[in-house]
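You will see subunit A twice below: alongside subunit B first, and alongside subunit C after that.
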Partner chain A sequence: MKNAESKRRAAPSFLAPPRRARRDAAGLGAISAARARLLIYGGMCVLLIPFVFPTWWMVTSSIKPASDIFAFPPQLLPTHTDWSTYAQVFKLQPFGQQYWNSAYIAALVTVGTMAVSSLAGYAFARVRFPGANALFMVVLLGLLIPAEVTIVPLFQLFRRLGMVNTHWPLILIPIFGAPSVFATFVMRQFFIALPVELEEAARVDGLGRFTIFRKIALPLARPALASVAIFTFLHSWNLYLEPIVFLSSAHMFTLPQALTHFTDAYGGPLWNVQLAAATLTALPVLIVFVVAQKQFVEGLAHTGLK
Partner chain B sequence: MAAASTALTSTPAPRRRPYWTIARRDALAGWLFVAPQLAGIATFVLLPLVLVAWFSLHEWNVLANTFNFVGARNYQQLLADPNLPGVLGASAVFSAGLVVFNLSLALLLAVLLNQKLAGIAVFRTLFFSPVVVSLVAWTIVWGFLLQKNGGINGALLALGIEGPNWLRSPGTAMASVIVVQVFKNVGLNMVLFLAALQGVPGELYEAARIDGVPRFKQFRRITLPLISPTIVLTSIITVVGSLQVFAQIAVLTQGGPGISTTVLVYYLYQQTFQFNMFGYGSTLAILLFVIVLVLTFAQWSLRRKVVFHEER
Partner chain C sequence: MAEVLLSNVRKSYGRTDVIHGIDLTIRDGDFVALVGPSGCGKSTLLRMVAGLEAITHGDISIGGRVVTDLDPKERDIAMVFQNYALYPHMTVAANMGFSLEHRGGSKTQVAERVRWAAGILGLEQLLERYPRQLSGGQRQRVAMGRAIVRDPQVFLFDEPLSNLDAKLRIVMRGEIKTLHQKLKTTTIYVTHDQVEAMTMADTVVVLNAGRVEQAGPPLELYDHPANQFVAGFIGSPSMNFIAGTITADGFSTSAGAVLPLPESENRLPHGPAIYGVRPEHLALSTDSGIPAQVLLVEPTGSETQVTVQLGGTRLVCMLRERAALTPGSTVQLQPRVDSVHLFDAASGKRLGA
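Entry: the complex of A and B
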C-alpha cells in the first residue's frame, strides 16, 4: 500500500518534469496531505479502542484462569489459558437449552413479524379501504408507547392466562404488539415508494389482492424485509426486561438473562465463566455481521430514514 | 374467488351488479391484511394502556393479595415520593448526557468516515460492530472492565494513576453507564449521519473552497444546516430510546450507589416486581407515558422550527 502511494505521488513529476515552482508546491501539498492522512488514521485507531477492545477483552479473559482475571499488569494476551470455563458455562446452567430458547424465540419472532408487518404495511400503503387512515393512526400509537409502560398489565394478562414462565409472552407481544409497529411502518414506507404499475397490470388481469401481494409486491420488498428481519432479530435476541419479568426457572431463561446468573455462592459474578458465556452469545452474531455487514448496516440505516 | 373474478372481467354487461365489487373486495382485503396487527395493538397496547391507568387508581400488593380502589392516592404518593426528584433527575442526566455525547461522537465519526481513504470500510465496520454485540454481553464486559481492580484501572495504574471505583462512586457511576451505552449504539446514529453527509451536494463545498471559506466554516454553514433533519430525527430516536434504558442499569449498578443511577424505568421495575407494589408501579408507568408523549410532541414541533429544509 505504501509503495503504491509513493508511486502515485512520484508519477506526475516523472510524466511532466519541468515547471519547478509548481512541482514544489505540489510536493509540499502531498507531504502535508500524507501527514494529515496519518493523523486521521492515528486518531481513528485511538477512537476505535472503546469500540473494539471490550470484545477482545471479553474473548481473551474468558480463557484466563480465575486467578489471572484481575492480574496486574493486565494481560492483553492470556499467559495461561484455561478452557474449562467453557465447560463450566454448560455445567452451572442449562446453557444449551437457554441458547436454544433464545434462538428459537428470535427466529419465530422474526418470521412472525415479517409476516404481520408486511401484510399490514402493504395494506396501509396500497389498498383503499374504509377507515384506513384512522386505523393507521391507531397502529402508530404503538410507536409512542414504550414497552415499559405496559409491562405491568401485560404481566397480569399473561398471569391470568397461565402463561407466566412460558415463552408465549416473549413470542406473542413482539410479533403482534408494539415492537412490530415499527416494522409495519418501515414496510409501508417501502411499498409507498414502490412503482405501482406492475400491480395494476396484475389487477387488470384479474389477480386477487393476496396473490398480487405474495407474487409481485413481496418479492420486490426484499431489502425492506431484510432490514425488518435484522432489527427484529437483534431486538428479540437482546430483550432483557421482559424475560426477567416473565420467566423464573433456569431452563426457561433466554441468553441475556442467563448471562447474569453465573454467580458464586455469595451472588458475586464468576467473571471468567460469565465472559465465556457472553462470548458464546456475542460471537455468532458478530460473525454473521462481518459476513453480511452490508445488509446489516444498510438494513439498520434504512429503518432510521423514516 | 377465482370464478367471481373471471366473471367480473370477462362478461362486459352483467345482468345484476355482483355483490363483490372491486371496492368491496379491496375493503375486505385491506381489513384482513391489517387484522393481525390491529388485533395485536388492541390486545397488547391499547388494552394494557387502559388497564395500567385503571391499576394506577388502586392499592395493589400481589403478595398481600390486596386490590383496593384508592382513587388518586397513588398520584398523591407520587408527588410526595422523596425518591421522585432523584429518580427524575437521574433520568434527565442520563438522557441529556447520552444525547449530547452520542450525537456529537456520531457526527465526529461520520465526518471522519466520510473521507475517501484506503481501508475506510474496515473502520466503518469496526465502529459499527458493538451495535450487533448482545446488549447484556457488552454490558457485562464493561462492568468487568470498570471494576475497582479491573482492566481500565489496571491500565491507569500502569500510567501511575489510581482510578476510582467507577460503578460504586456517586460521581462516576452515571457517567460510566452513559459511556457504556454510547459506545454500544453510537454506530447506528453514525450510519444515519454518514448517509446524510453523502447527500450533501459536492458542488457546495467546491464553491465554498473557491471563495476561500475555511473548512470549519464550511462545516457550520453548509454541512450542519443541510443535515439538520437527520440531527433532529436522531435526537428524537435517541431521547425516546434513552428513557427505556434498563438492562445496563440492572447489570452495572442496580440503580446505585444510593439512587444516583435509578432512572424511571428501573424505579418502576423495582417498585412493581421487587416490592410488589403493582398499583404504584402502574402510576409510575403513567408518568413515564406522559413524559414520552410530551417529549415526542415537543421534539416534533421543534423539528418544524429548527430544521433548515424538509424533503417533503
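Entry: the complex of A and C
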C-alpha cells in the first residue's frame, strides 16, 4: 500500500522527463529544419551563380569603360560608369530599325506558329486518318535534322524565289520548320489530354469539327498556347544562323546579327558597346519571362513537358 | 417527345461483334433504363442512338424519322455524360445556353430558356459561376439543365450518377425522375446499377454481351425473369441459385436435401435444373424445414441479412424481423413455394410459368 502511494506521488516526476524530452525534441526538430532550409538556400545560391553571373557581367560591363572590362582583379561593381555606350549603340548601327525587324519578325513567327501548330496538333490528336501516326513520326523526325544541314538547300530555294536579303526566310522557316514541329508536338499532347466527352457534348450541341476546335478546344488550350508563344518568340528573337545566311544589309539585320557588327576600324569588338546592345536585346525577353513566368511554367506542366 | 425505334442494330469493331442485332421500341414519353454488367454494350448502344458511334448494321429512327446516318446535331437529342462534360471556360449560363445560341437563338430567347431551366433545377444562384466552382451535384444539375434547355425529342443519360457519393446519388435519382414526370420527354438512361434502373424506369432493358436478355416493366423483370442471368442481375441481394434435379418428390439438391416445388410446376420434365429463390422469399424456422448452417448475420436495422450454408451452396436470407442467430448454429430453411423460379440447367432459360 505504501509502495503504491509512493508510486502515485512519484508519478508526476516520473512523467516529467518525457514531456521535456518531447519539448526538446521539438526544439531540436525546429533547429534541424532551419539548418536544412539554410543548406538548401545556400546550395541554390551557389547553383544560381552560373545563371546570374553572365547577365550581371553583361549589364555591368555595358556601363564600364572598355579598359575596366579586362581589369584584374575583375570588378564586380563598376568603379567608373559610362552611359555613353548606349548612345553609341544607336549611332554605330540602325539599331532602332534592327530592333523593329526582330520584334515584328518574332511577332509574325509567334502568331504563325501558334496557328499552324494548334491546327496540326489538333488534327494529329483528334482527326482519324490513315497513316496519322506514321505521318506524325515523319514530322517529328524533322526535329532531328540540324539547321546546318538544311540551310544550303533552303538558301537555294529562297534565292530562286527572290527572297534573299528579305525577312521572308526568317518568317517562313520557323513557321514551317523545327520550332513549329516542337510546338505541334506540345499542342498535340495537350489536345490528346483534353476529355473527348467535351467534344462529344459539343457535337450533340450542334457544332461541327472546326467550330469545336475554335470554340471549345482552342480556348481550353490557352496554357499550352502561352508556352508555345513564349518559346517560339524566344527562338525567333535569338535566331542567328538564318539571318547571317539570308541578310546582307545592315538595315535588314535582326538583333543577334547586329550585335556582331559593333566593331572598331580594325574589326575588333567594341566590348562595352556590344554589351550595351546585348543588354538592350535581352531586356524585352527578360521582361516577358518575368511577367509570364507563371503562365510559362503552367503551360509546360499542362503539356507534360515538366 | 418521340418514339425511338431500334431495328436489328449491330455494331462490330473489326471482326469483334459488340452489339448483336438489337430490336427495341421505346414509346413516346417512356423512361427506359439500359442496364447490364460492364462491357455489355449499354453505353455503346446509347452512343449509337446519339450518333456518336457509327452503326455497322440496322436502323435507328426517332419520332418516325430514320436518323441512322445523321449527325448528332441533326437528331434532336440531348445527352448527359458520365463526367458531365461541362465546358470549363464557360459560366453555368453560357454552358446551358451554348447550344441554343449556336443554333441561332436570339440573346433574349436564350436567356429566357436558361432562366426557365435554371428555375426547374434550382440553379438561379449559380448562373454566373464556372464549373470548377460547383460541387458534384451542382455540376450534374447544370448538365441536366444544358440538356433540357433545348427541349429535345429524346434525353440520353450515360451513367450520370456514377461520379456522385451514395447519398447524393439517391437525391439526384429522385430529381431526374421528378424532372421526367414534369417534362414527359422520352428518356434513355444507361446504368450498371440495377437499383437505379428499377427505381427510375418505366421499362428496364437488361443487356448482356451485346444482347437484350429481357425488356419490360421493373417488377415484371423482378417477378418473372426470363432467364437465370436476369434473375441474378435484378434484385439486391441477388437471387439464390441451387443446382439439383427435378424429381417426383420435389427438387433434390446435390447435398441430398429436397426442396418443395410449386404445384403449377409439377408437370415439368424431370431432370437437372436450377432452383432460384429470392432472399426475401426464404424464411428461417427453428422447428421445420431444410436444415442449414448459419455463416453470417448482418443486421441493417430495418432487416437482417443472414448467410447460410446448404450443402455446398451459400444462400442469403433477408429477414424483416430481428433474428437472434449466431454463426455456426443450425436453422431450418422454408422457401416460399409460390415464389420459386426454375431455370434450365444448360441454357439458363426459365422453366414453366
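Here is the rule we go by: the second predicted complex is superposed on the first by the 241 of 306 C-alpha atoms of A that agree within 3 Å, B and C clash if a C-alpha of one lies under 4 Å from a C-alpha of the other, contacts with A are read in each partner's own complex, and residues count from 1 in each chain.
Here is the rule we go by: contacts are C-beta pairs under 8 Å (C-beta built on N, C-alpha and C of every residue); 3 or more make two chains touch, one makes a residue touch a chain.
Everything numeric in this text was worked out from a predicted model, so none of it was measured.
Q: Examine A:G206 and indicate which partner it touches, taking first as subunit B and second as subunit C; both and neither are also allowed.
A: both
Q: Look at A:A107 in the shared chain and tell me whether it touches subunit B only, subunit C only, both, or neither; answer first, second, both or neither.
A: Neither: A:A107 stays clear of subunit B and subunit C.
Q: So, A:P130: does it touch subunit B (first), subunit C (second), both, or neither?
A: A:P130 contacts subunit B only, not subunit C.
Q: Please work out whether A:E197 is in contact with subunit B alone, subunit C alone, both, or neither, and reply first, second, both or neither.
A: second
Q: Any idea whether subunit B or subunit C touches more of subunit A?
A: Of subunit B and subunit C, the partner in contact with more residues of subunit A is B.
Q: Touching A:A66 in the superposition: subunit B (first), subunit C (second), both, neither?
A: neither
Q: Taking the superposition as given, does A:L220 touch the first partner, subunit B, the second, subunit C, both, or neither?
A: second
Q: With the touch criterion stated at the top, can you tell me which subunit A residues are shared between the subunit B interface and the subunit C interface?
A: Common interface on subunit A, subunit B vs subunit C: 204, 206-207.
Q: Which residues of subunit A touch subunit B once you look at their complex with the stated criterion?
A: Residues in contact with subunit B: 1, 37, 40-41, 43-44, 47-48, 50-52, 54-55, 57-58, 61, 70, 72-74, 115-117, 119-120, 122-124, 127-130, 132, 135, 138-139, 141-142, 144-157, 172-173, 175-178, 180-181, 184, 204, 206-210, 213, 234, 237-238, 240-241, 244-245, 255-257, 259-260, 269, 271, 274-275, 278-279, 281-282, 285-286, 288-290, 293, 296-297, 300-301, 304-306.
Q: Report the residues of subunit C in contact with subunit A in the complex, numbered from low to high.
A: Per the touch definition, subunit C meets subunit A at residues 50-52, 71-73, 77-79, 81-83, 85-89, 98-99, 102-103, 146.
Q: Taking the touch rule as given, give the residues of subunit A at its contact with subunit C in the complex, in rising order.
A: Result: residues 195, 197-198, 200-207, 211, 216, 219-220 of subunit A touch subunit C.
Q: Mind listing the subunit B positions that touch subunit A in their complex?
A: Touch residues, subunit B against subunit A: 1-2, 5-6, 8-9, 23, 25-31, 33-34, 36-41, 43-49, 51-52, 55, 109, 112, 115, 117-118, 123-138, 140-145, 147, 149-151, 154-155, 157-158, 179, 183, 187-188, 191-192, 194-195, 233-234, 237, 240, 243-244, 246-247, 250-251, 265, 268-269, 272-273, 278, 281-282, 285-286, 288-289, 292-293, 296.
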